[in-house]
């Protein structure tokens, strides 16, 4: 079952053409990695999937993106879409509230939740994010007292609390040390069973380690991003169809 | 000025080492054939000594390949080149050993048999030279053609085998010579098989799939 | 001059300047505190101050202040029932009663030169005498203040007090009195009297014969002599009364006669009301405006105009707001002098402060947090209420406290808008006065600088408390 189908996607920032001719499918229940050099539009592409580009002035999107068969611009409200498609950012950004309030932020938006139900949701989300054991006795402490890796897992728990179908991750481990990175990667592989994950990464080893599908973006001479190839990770890393892909993933670029 | 990438430099060096080792193995079989036909003990000794260098080169290339994998973490054809190289040097080292055995062998009294042995050795030499060329450009088509040549070596061996069986030898010494000659042909056949193995790794590097070319 | 010397010189200058500043600060606040806590009142008295005879009875009053000393003549009038009300002394309508205990009665009558029939007194002493009463007894009454009975007069030769040309000695000032008593005064001319040498008389006879003589005489004796001819005259003196100024009674009492008497209890309540209503009017508008400027406004001409307008408003002199309030709220809207006009005027004044501090606080909120909230499916409004406002609440509260500080000290804007009624306002359209204005009015209308200083001390303390609260909040925020 395809989670997203993207056809003829073009994105403009004002007069600047940022992404052109993106055609790809994103499979459900697997990890799709988007790789490519800086400025090639992979973050832009990721943000388009949950309409986060709408909050930036002057952004124009043409083409058709369907989430589970429904056009995300015509048949979904931005808010509804973002409930199904969650996003985790590069720099961990927990709210300056307690850990509990952070995780409960999402569920509280959608329904009036009783205290017991809330605790249950929080425990479930924090367990899924592999953070429960470390914070279960300080749920009311400020989220800012956690370490970087813990904060990022908290942000993941916060996203899991709204029970999305897809989790988008924009370079989730680039600001973390290797041990924290390893734990987040383990977490991503565990979450794959229940969620669809799309991750943007600069780290080739990470992409080859954890992803099932890989999409390689490049920037052309007019500074516009485009998709070079996409396919199974083992194929893209073992025998890429395009020489540019081979050169990039072997570190010959940049 | 075109930008030079470390990965390209390292792979160039790696392939250069492979070619050198292959050259030595070709030289080994040629000298071994010469030593066999002339019963030249000194040349045989030289071939034996060269074998030591071949083993050293195998170790060198193996460690260089591992170093490339660790430092460059290459993917695609770059990765396949290194992996293929690691397998190819194993075959090359065996080929060196087989050449050694040919050099140390003693001619039999039967001219026909010796001629057939020389024929096999020449065939092997030809195959090895061709494979060196194919390896330089990772030419999969050429590799497939070379692999087919192994059939001729196999045919020569069975022909030799038939001949040996038909000959009646009276003396135990004579029978021992016949037995030794038979052993030598086994060595030469194995040499050809290793070349075929190298060919399949060349195809693997180019196409990503290792075929069975035997 | 080498660099080391220059550097040392600079440090010296900085130290001198900062020491000057601190000294100035201490001096100003110290003086206000001193005048606010301790008052020195000059009053006119027909008897000499700080002279009290050895009386055989004790005078006491339940009042805390107002009746520290009593002139012999005044006490005689009170004893004869001629003073029904203490209003002239304390400013409050207090009926006067005199309690004389039986055992002190003979001594009292002898001292006052009265017969029992002339005396109007209450005989039974209640457990708690009323405020406007005086108690004469043999022993001091516990929990009541001793009243000092002053019963000596400055008797002089009649010539001294007579009209001299068109001048006459009206009053002996406190300092002149000291000089006179010490023997340092040469001639009566220095006090505005005739050109006669000042001579202290030894007894009554000398007083009546020697020209320009004076002596300290019992009030009772003087009164007895005043009927006869050749009776000596007496001069009124100026006394200096020092007592505590700011007191709990002052803080809670009602204002009388525009601040001359009474306390500032209602004024403080009025100030509180002004602050409350101003905050109710200005905070929502200010915070909403700051929200719009930070989150919704697009960069362009309208936004820049509005921001310039806010800057200009914050720099306008407050008297202009006062005039605006007078013309628009008081006259145009026909609200006349009222709490409503004052509140709206002051709200306009503090609005720029609130907008600026709120705006700054909101801008400091990390934009990544906004993104995170939106990514969880919140609308922009929800993000503002759940993330932006809680995160910037310290800054907003700081702005509010600064605005409160400004409101409390505002005078010029309120002079023409809020009126000067001293009671607690019954509705928004009644006038009332607030603390800063009260100080101004106490000096101009009420004519009492001491009370003004007491109010000033209260105001200074209030401002200090508000500012230190704001400072602590700001420093907490930085951590």
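As written, the chains take the letters A, B and C, and residue 1 is the first residue of each chain.
Quick note on the criterion: a residue touches a chain if its C-beta (ideal position, glycine included) is under 8 Å from a C-beta of that chain, and two chains touch if they have at least 3 such contacts.
The shown structure was predicted, so the numbers you read here are calculated from the model rather than taken from an experiment.
Path length between subunit A and subunit B in the touching-chain graph (shortest route): 1. Of all chains, the one whose Cα centroid sits at the greatest distance from that of subunit B is C.
Put simply, the chain nearest the middle, going by average C-alpha positions, is A. Between the Cα centres of subunit A and subunit B there is a gap of 52 Å. With centres set at the average Cα position, the gap from subunit A to subunit C is 68 Å. Our note on geometry: subunit B versus subunit C, Cα centroid distance of 114 Å, whole angstroms.
Listed for subunit B are no residues, as none touches two or more other chains. Annotation for subunit A: no residues touch two or more other chains.
By the touch criterion stated above, subunit A contacts subunit B in their complex at residues 204-205, 208, 237-240, 245-246, 249-252.
Within the complex formed with subunit C, the subunit A residues making contact are 50, 52, 55, 57, 79-80, 82-83, 86-87, 89, 91, 93-97, 105-106, 109-110, 155, 158-159, 162.
The touching residues of subunit C, counted against subunit A in their complex, run 298, 366, 368-369, 371-379, 382, 386-387, 390-391. Residue ranges of subunit B in contact with subunit A, taken from their complex: 5, 7-8, 72-80, 208.
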